[in-house]
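The following blocks contain the structures, represented as structure tokens.
What follows is a pair of complexes built around chain A, which joins chain B in one and chain C in the other.
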Partner chain A sequence: MPTQEGFNHFDLMLWLAGLGVTLSVFLISSVFGCLLGTLMAIGRYYQVAVIGPLLFAIGEVLRNSPVIVQLFLVYFGIPMFFGIRITQFDAAILVLTANTAAFMSVVGLSALESVDREQVLTARSFALDEMDILRRILAPQALIVALPLTIGVLVNQAQVTSLISVIGVADLTRVGHILNQKTFEPFIVWPVIGATYLVISLAISALGKHLQKRVKMSGPLANQKETFAFD
Partner chain B sequence: MIKLTDVRKSYAGKVVLDGIDLAVQAGEVVSILGGSGAGKSTIVNCINGLVAPDSGSVLLDEFSVANRKGLREIRKKCATVFQNFNLYPHLTNIENITLAPVRVLGVEPKNALADAHDLLHSVGLNEHADKYPAQLSGGQKQRIGICRALAMSPDYLLLDEITSSLDPEMTAEVVDVLKLLVDKGMTMILVTHELNVARSISSRIVFLEAGRILVDVHRDVFFSDAFLDENRRIKSFIASANGL
Partner chain C sequence: MSFLSDIGPFIPALWDGFLTTAAVSAASILGSFVVGTALAVVATYGGRIAAMAATIYIEAFRNISFLVLIFFFYFGLPELGIFISAFWTGVLVLSLAVGAYVADAISAGLTNVQGGVKDAATAFGLTTAQRIRLLELPLALRVSLRPLGSLFVNLILTTSILSTITLNELTNAAKIIASTTFRPFEVYFLLLILYSILTYLCSVIVHRMHVRANRFLAT
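Up next is the complex of A and B:
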């Protein structure tokens, strides 16, 4: 029969360790997910033969299946079917990167498609090459559209990291389970864990808001009212 | 010389260009007139390569739009001004003008800026150089569009319904700029349904109907009573264009 123990300073260390894992998984999967998602969006925008429809199909599967199922399939499936040993942390990074990329590809595609196609045709008529058009015409305008949506995706993905505890990653949620089992104080442990996720989300939101303001301040939309996903 | 030979184009089974033969010599200003859907803008878009003809050839000097290298050269030599301006809204007016010369022609940014200021000065918009397109009126935007095209130092200028979305006052502003270009001997193809614009700057009028060239004559001939009496359909087009 488990015995109840009180909180001690090692619990704070455990919480910090869990926070570090959650932030690491979130940051790594967000950076790579955003990059990969942007490339997927570009591939779909330019309707690259074979790759475009393939990216669409992959994205649809990833966006429309539960992350927890993806985590189980990757963590248990890769060693079983490919004979490759994979740590819980690697599996978490792999799944969340792919999942973030799937959502970001939709954000990126919508943002690129929001730029008037006539501008692209005009740029082509002036012999600008596709890389210049992407860099100097499409990207700056798409960024303004994509930024609030991206922040929305990232705030959501920060919450989704809590699922990685089911494959044994020692993230914040896993730490919450451990502390709860140790102290039997669920109404102290879970509010603290929940508040930690809230602070992470608000920080992402504030950073996004700051970036959005900076982008707008440097362009023709400087005087327009801001719209922000997490307001 | 711009030369179109037996150019045909259809969209979803609808014939837009039905065997266009057209040659425009250096220094000529050719206006293409015709009703809506006659294929006027498609001709321009076939020349700048934004629309690929189903058959026929489009040549500009020795270059063909049919091959990648030729198309790039054509786009360098032949600039287009569009009906809806199509300025890049996130760039200032001067950045709109300098982008292509710097990136495509390899002009030094410092020189491109100086050239752009000269162009803006020539159209009376130098004080708007650092503003954004959204801060300008329609006529001013179109003059920026013309400056953007001229910044490429083109041999040919394609003008696609450039006064259609402007009121008479703004149209007059743009026509004044076009007259300056005519005086400088710029070769231009002007697509328009505005007779006054065509009459004031063109040397030649091409009238299009259902994707075919109905007439291709000197401006003075086109607007003469004798010619219009012989060509009733054109006369009725002119009457409807004049609101008669």
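Up next is the complex of A and C:
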């Protein structure tokens, strides 16, 4: 008896749709997460009273608890507790943005602290205002330290996006689940989905390496390239 | 205090979930350590082809999301006629996946061991296997302990994903409680705090071990 098993061209559309959702959630949460994380790092670097320690505490809880629980808390908890309606997509964006921000704040802080404090003091004695110090002295040097760490965080976050399928967002993993239940072909479905994630991660890494090369060539370490002739 | 009276009857269920999380974490930490050490030794001493195979393994498992891996094994193994429980599927996949990260951490430690150690071991007539087991791995672990600690903290957090394959651990227990009491916000907030405490304890233990392992290296 013929059944609905097997793949057809609609499955390819489904895969593309899932890929689109995964990529858009990743891009939106990464952009806002990086911005927010940088602001958090600056807040902690300047040791702003009350806000600094508060940001630290929030960041620690976000980094030390499972993303699944955070998703459940936002998607099931907030509507029940505060009476606000929240869509699955919004909950996913909110949690992943906060999560990326928590990791990026650590990256940003360590990058800012890698710049010698003497430089900041010197700049202040030359009467540069704080905005200028941040923009012209701290940021360019911190960027070089932050870039490889940021790529690491983003590669990780790209995989974390798969968790949003648990609250019902139709991302790549959800599509995999649907196709798996439709076709009963786990050895075709999951390797394809896995390979898609692999390609996304490798693309982010490659882009990061390219950026790193460009930043290094224009940065203060430009003439410190591989010149160890006797190594 | 109505929340406390609501949640009171569920504390045994929460405790059971905690014990399952602890058991799956402990077994997977052990498993990933074994997998990672084996991979690191193969990658460092096994020659070019073995090293390449290890690199492919590590890159694949690091760049594919854990949820996809767990579904692959959970739905795939029965197709091959292998029927194991969600618990052991979880332990297996966690060991394989976290093992890839552990291998990186231990490889970094192994390449850090000074060449003089090898020469001294050879002079004392130790075989290569003895040298690796008795000298190089213990020395590498000193350096690798701290990165391993953060990997294992991450492993504990990742066990929550096993709730998607019906393992009744802490997150799944909380899910049931949240849907019974209609207090998802409070329940998941409590869970957030519980996980934070658990991972904090883990990092404290690893820090103690790190200090103890390096106690002869006065700085």
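Keep this in mind: the second predicted complex is superposed on the first by the 218 of 231 C-alpha atoms of A that agree within 3 Å, B and C clash if a C-alpha of one lies under 4 Å from a C-alpha of the other, contacts with A are read in each partner's own complex, and residues count from 1 in each chain.
Heads up, the rule we're going with is that a contact is a pair of C-beta atoms (placed from the backbone, for glycine too) under 8 Å apart; a residue touches a chain by one contact, two chains touch by 3 or more.
What you see is a predicted model, and the numbers here were worked out from it, not measured in a lab.
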Fill in: Chain touching more of chain A, residue-wise (chain B, chain C)
C
Worksheet item: First (chain B), second (chain C), both or neither: which does A:G168 touch?
Response: neither
Worksheet item: When the two structures are overlaid on chain A, which partner does A:L128 contact: first (chain B), second (chain C), both, or neither?
Response: first
Practice prompt. Using the touch definition from the top, say if A:Q119 reaches chain B (first), chain C (second), both or neither.
Written response: first
Worksheet item: Touch check for A:G52: first (chain B), second (chain C), both, or neither?
Response: neither
Worksheet item: Both chain B and chain C touch chain A; at which residues?
Response: none
Practice prompt. Please give the residue numbers of chain A that touch chain C in the complex, ascending.
Written response: 60-61, 64-70, 72-73, 76-78, 80-81, 155, 158-163, 165-166, 173, 176-177, 180, 186-187, 190-191, 193-194, 197-198, 201-202
Worksheet item: Which positions of chain C touch chain A when the two form their complex?
Response: 60, 62-69, 71-72, 75-76, 79, 153, 157-158, 160-161, 163-164, 171, 174-175, 178, 182-189, 191-193, 195-196, 199-200
Fill in: Residues on chain A engaged by chain B in the complex (per definition of touch)
116, 118-119, 121-128, 132, 136-137, 140-141, 144, 219-220
Practice prompt. Would you tell me which residues of chain B are touching chain A in their complex?
Written response: 48-50, 72, 75-76, 79-80, 82, 84, 86, 88-90, 99-100, 103-104, 132-135, 148, 152
